[in-house]
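Look for subunit A in each of the two complexes below; its partner is subunit B in the first and subunit C in the second.
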Partner chain A sequence: MKTLDKTELSKFLEGLRADFRVITPLQEGEDLLFGEFDSSKLAVNFTGRPIIPPKEYLFPQQERLFTFTAEEGDRVEVKAYLNEEKQVIWGIRPCDLCGIKTLDSIFLSNYVDTYYQARRENTILMGLNCNQACETGFCNSLQTGPFAKDSFDLIFTDLANRYLVEVGSKAGEAMIARRANLFTEASDEDKGEANRLEEKSKQGFKPLFDMKGVDNKLAQAWDDRLWAEESDSCILCGGCNFVCPTCHCFNIEDIKAGRESERVRCWDSCQLGGFTQMAAENTRQTQGERLRQRIYHKFSYTPAKYDGAIGCSGCGRCIEVCPSNIDITHILERVIKR
Partner chain B sequence: MKKVLTTCEFCGCGCNFYLGVEDNKVVAVYPCASHPVNQGRLCIKGWQGHDYIHSPERLTTPLIKQGDTFREASWEEAYRLIADRLRGIKEKYGSDSIAVFSSAKCTNEENYLLQKFARAVIGTNNVDHCARLCHASTIVGLMATFGSGAMTNSINEIGNAEVIFVIGSNTTEQHPLIASQIIKAVKGGSKLIVADPRKIQLARFASIHLSHKVGTDVALINGMLNVIISEGLLDKDFIENRTEDFDKLKEEVAKFTPQKSSQITGVPAEQIVEAARVFAKSRKSTIIYAMGITQHTTGVDNVMSCANLAMVTGNIGRESTGVDPLRGQNNVQGACDMGALPNVFPGYQAVTNDELRQNFERGWGVKLPSQPGLTTIEAVDKGLEGELKALYIMGENIMLSDPDVNHVEQALNSLDFLVVQDIFLTETARLADVVLPGVSFAEKDGTFTSTERRVQRVRRAIDPIGMSKPDCKVITELSSYLGYEMDYASPGEIMDEIARLTPIYGGISYSRLEDKGLQWPCPSPDHPGTSYLHKGQFSRAGGRGKFYAIPYRPPAELPDSNYPFALTTGRVGFHWHTGTMTRKDWVLDREYPRGYVEVNAQDATKLGIRNGMMVKVASRRGEISLQAKVVDTIQAGLLFIPFHFAEAAANKLTGANLDPVAKIPEYKVCAVKLERD
Partner chain C sequence: MRENIYAPSLAIIKKVRDEAEGVKTFTLEFKDLAIRKAFDYRPGQFGEVTIFGTGEAPISITSSPVNKGYLELCVAEVGRVTRALHLKQEGEVIGVRGPYGNGFPFNEVEGKDILFVAGGIGLAPLRSLINQMFTERGKFGKLSILYGARYPGLLCFKDDLKRWAGLENSQVLLTVDVADDSWQGNIGVVGSLLAKIEVNLENTVAFVCGPPIMIHFVILDLLKMGFKEDRIITTMERRMECGLGKCGHCNIGVKYVCQDGPVFSYQELRELGENV
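And then the complex of A and B:
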């Protein structure tokens, strides 16, 4: 365990740029977005998280998979685009680390997604614990935050004038070794301070709700009228899926331009009527069924299918971006209280 | 990845987002969390609707008609041809034989330049745009009653209203981020009254849903006014101190007892009474309307009725009150503000007013015409009659958006010369003699003015595709071929000229727009902008609001034994207007790939029509085949068709019956017949 003087953070990140693309939270005007490190915009003292999670650096909003060109005769020239650029993402909140852990389970277990794998294997994750509760987050209830326990190469905790830096992997250790002179050994006092901050941060969240047995409760709630009621105001924007750190459904389209075509994949949304239409039709005909799918996928199917993986990281973004104020915590509470 | 903050190109909500750009390609969208309207939220079009920017179908070079096809041409050749032809037609037939259609999709700067081109370069006031088809009645109606034709209040005030009366607006589909405010208000305990012949999504959480017959809005509102006046729920102080002609209104609405109103509208009398009471008893009642009010032969009457309702109850001139016409296009407010209208210069300054006109003559250094020009619908008619010889269209697809498109096609084919400036070879562009490739919003700098009068920056994220050029550049270059120099180093300089000549934009400059934009009126550089209008006094000369007595007139074409159904047209949330952009997007196209007609379940049973079956809908003007969607959310006897789909064009059916003053066509009612295909 080390500490890094806060004033040295930029130097540390700058130093990585020789070998890595470095992604950090940036202050764009009044907005917080992940982007390529720029010391003049680097955001360090922020509450909450950028509106789009860092998953897009592993699974972009739009990704060219390959191009195919009709050549003479029957020949088709195919060119794949695997992105193996080495990258470091700094400033990832614990909820988003959890999201990446879940994506790893999905994209790298049974059926390996080579595009995700290429990016993931070349990515170093540096987290930043949350000293303050954000407005819509509920990581505390899901035990995915506000302080990260795993799924990082390095994790930073803000101790006012310095960071406590914990190592989570060999790759993380190697990052420190690159600029060992910037780091000092952490004291017991530093660790104690971090523990105090964690406890204090937890106090700031809304009261915990008990997630134990939620899968059983869900199994009984299949025919409940809550799905129709809660989804009644949905205006089909897809935002809840697009901002979710664990949502991973995509669609594939071919764009033809003359002889050359490209195959692109884009984020899709299970809340839309045309979702899964490539398989003839969407079996979930009503909005209530689609909302139920979103909740079951996160709290029932993903844990069952991927050995207890967490399908929802509790980041609260879907609450924040919903034009109709549909609130996943409210839905969970209704399920739990049944 | 570069991230560029800009304003959405679809509707009038004016949401902001960042476009993520890689290799000159838009590959990502990030909603702007700090924006006062969208607050980090977007609709599906904002999130995913930008595929069209990189569509292989984009126009990349100028095209010149050769026989039945087009050949590629250089900009110089295209400019020379256009300049020669326009000059020739102007010399032979006069300036007024040429008309220009501007575009509510384009920026303020482009609209300003195009109306300047019409007036100063061609020498005609024949300039108009699609506002004629959506809110011409709003401008006329609210100018007459309040003195300003714009949305009176701001979007984020709606969430705090106690009562929201939505009439003729399918807000969740057409203005999703305004619907968001309504939903927020309802979830917070506010009351919602929805008046719509269809059970639209908002009607599901309305306290009262008034399902009135299409085209009976005046009778409905007069009925509510009757109750408010007879039960003494009116705001006497407001009426006395801030308005005029109340007695005339009182006399007219006395005829509209709830029973009488009920007979005409089909709404139960007790619902009319209840709606009137709920609306009048709150001090924070807001009226929201859109095309369901304006697109009628009684469009102006409908708008004035809304104004009457707000004034009688004193619900205007304060926060979370007012009359909010929701403007459809991203910049239809701005295109109107910029004077892309045949009767006014920028800032609604009448062309007939000598003093105002002389001000523009000094500014532009030429003598300007003083007679109001032709509206879009009139210009098309004159084309067919042979009086109009040339038409220059920027970014409009009138072959799908105008009523009675068979008639439009004949008119365009009758012209001597047609120029279309667009990003795609639209149904309209195919009929042109010269097609010029414009650029999308992602390829240009400028400003859009949203429905809440918020002037906001549009920022260039990528370079123009192919040889295409921003419309601003096209207009200034063409202008110089016609011997009139328009010299601007940047769109910011155009805004400076707009500010000099347009009092309501007087204090607007790019440096002040960097943050969250400014809401006009903003008369001076130190003015903070205006969140709601008519505080203390109305904008009308004399400062008082004016009541108008509005008798009820039925729609121009009602169902009869040959055409037994009423047809009303509209949009769906996944598509934009004539679909030139949204139908090229994978997700939007997937959700709504084809046209359809909503049929009431009882009517369907009678006619043996099942859900998904192909049917034929015919009017006196044309017929189309499309899929039936059998629903119980539409009144019996009424059909609904969205107008996005060229292969099932709703506007082959609609008629060009116009409001006598605003000249807006009655898209919302015509008579049709329905049969199995």
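And then the complex of A and C:
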């Protein structure tokens, strides 16, 4: 365990740029967003998390998979595009680390997703623990935060004038070794201070619900009228899915331009009516069914299919983004209290 | 090199046959000899078919694994990709990846009488299984094929139906919902044919494939006859993008139709949830 003086953070990140694309939280006007490191915009003293998770650096909103070029006769040239650029993402909150862990379970098991794997294997994750509860986050209820326990290469804890830096992997260790002179061995006092901050942070969260047994509760809530009621105000914008660090559903589309066409995949949303639309039939007709799918997929199906993987990181973005005030914590509370 | 799970392999359309109204059967051959040899599948599996520049669609394989070296796809013109496929001519190239899905049980139903109930283009995936069963004829008892369509012009695989009817220990019964002047046979929904055959319930497995409404009523008929839920095998159709359990569209409960299906017993269907 090391410490890094806060004033040295920019120097450390700047030094990585020789070999990596460096992504950090940036203050862009009033918005906090992940973007390419820029010391003048680097956000370090922020509460909560950037409005969009860092998922897009591993699983972009739109990603080119192939180009197809029609040649003479029966020939078509198929060219694949894999992104293997080395990147470091710094400042990832524990909820978003959890999101990446879930994406790993989905994309890197069974059939390994070539495109996700190419990016993921070339990505170093540097987390930043949350010393303060954020407004809509409920990581404490899901035990995905406010302090990360795994799924990082390095994790930073803000100790006012310095960071406590814990190593989570060999790759993380190598990052420190690149600029060993910037780091100091952490003292017992530093560790004690981090533990105190963790406890204090946890107390800042509303005690919401106990997730134990939510799966059983869901099993009994299938036909409940709550799905129709809670989804009644939905305007089908898909925002809840698009800001979610664990949502992974996508479409594959071809875009044609003359003899050449491009195959892309782009995020899709289970809350949109077209999600289950086939040529002749739509298999989910009501918004209640769609909301139910979103909740069951996160809290029942994903944990069952991927060995306990958590389908919801508790980041609270879907609550913040929803123009109709549909609140996942309120829905879960209704399910649990039935 | 990473293996790219989304990469389509080039396949040449060797033959296009008008199968029925709005339905064509395409015979495909992979351009790459190694892929042609390696592409092995089970009846009931499907491929993701690419029309370059238009997109992909999941299409079940209607040829049988005993037919080496080529693939047949029977396709109704119903959506964007299938419309583009219908415009393709012999000699043109399309893309295929797969095979995906679990496929029909085969060894598991050895020694049984088999009852096939198909509606319209639902015969396409069953044809793959039926032809394999006729090839390995000794492994199965009586093979009964009940097939219906809305009207005579929509009946597929007429040559196969004729051939199957003439084979030993088999029967083929046809019906249409609405007849025309050419039609001499049975009139009524396909389920009405069940009353015309003798079934040894103890030793019969039923395979049902067709449009959802037909599957629904045929299963009710079979249950009424006394079929056990695990002796009724059917298929599910869902929106799919990847075929690999990633894109999320075909998810029902903990299952992904593209990987865990599309073949399910009625018992499994009931356990899936989502009022299927």
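Points worth noting:
The rule is short, and it goes like this: the second predicted complex is superposed on the first by the 331 of 338 C-alpha atoms of A that agree within 3 Å, B and C clash if a C-alpha of one lies under 4 Å from a C-alpha of the other, contacts with A are read in each partner's own complex, and residues count from 1 in each chain.
As a working rule, a contact is a pair of C-beta atoms (placed from the backbone, for glycine too) under 8 Å apart; a residue touches a chain by one contact, two chains touch by 3 or more.
No experiment lies behind these values; they were computed from the predicted model shown.
Model built by superposing both complexes on subunit A: subunit B and subunit C fit together without a clash. Judged by the touch definition given at the top, the superposed model places A:Asp268 against both subunit B and subunit C.
In the superposed pair of complexes, A:Lys256 makes contact with subunit B and with subunit C alike.
Between the Cα centres of subunit B and subunit C, as seen from that of subunit A, there is an angle of 80°, stated in steps of 10. Taking subunit A as the reference, the larger set of touched residues comes from C, when subunit B and subunit C are compared.
Of the two partner chains, subunit C is the only one that A:His297 touches; subunit B does not reach it. Shared-chain residue A:Phe68: touches subunit C; no touch with subunit B. Contacts of A:Gly192 after superposition on the shared chain: neither subunit B nor subunit C is touched. Contacts of A:Ile106 after superposition on the shared chain: subunit C is touched, whereas subunit B is not.
Minimum Cα-Cα distance between subunit B and subunit C in the superposed model: 11 Å.
Subunit A uses residues 251, 253, 256, 268, 277 to touch subunit B in one structure and subunit C in the other.
Contact residues of subunit C toward subunit A in the complex are 2-8, 10, 12, 31, 50-56, 78-80, 82, 91-93, 95, 212, 237-239, 241-242, 244-249, 251, 253-254, 259, 273-274.
Residues 1, 3, 5, 18, 20, 27-34, 40-44, 46-48, 54, 56, 172-173, 176-177, 179-180, 183-184, 187, 201, 204-205, 515, 573-574, 586-587, 590-591 of subunit B are the ones touching subunit A in the complex. Within the complex formed with subunit B, the subunit A residues making contact are 28-33, 35-36, 51-52, 56, 60-62, 232-233, 235-239, 242, 251, 253, 255-258, 266, 268, 272-274, 277, 320-325. Contact residues of subunit A toward subunit C in the complex are 65-66, 68, 70, 74-76, 78, 80, 82, 106-107, 110-115, 117-118, 222, 248-254, 256, 261, 263, 265, 268, 270, 275-281, 283, 289, 293, 296-297, 300-301, 304-305.
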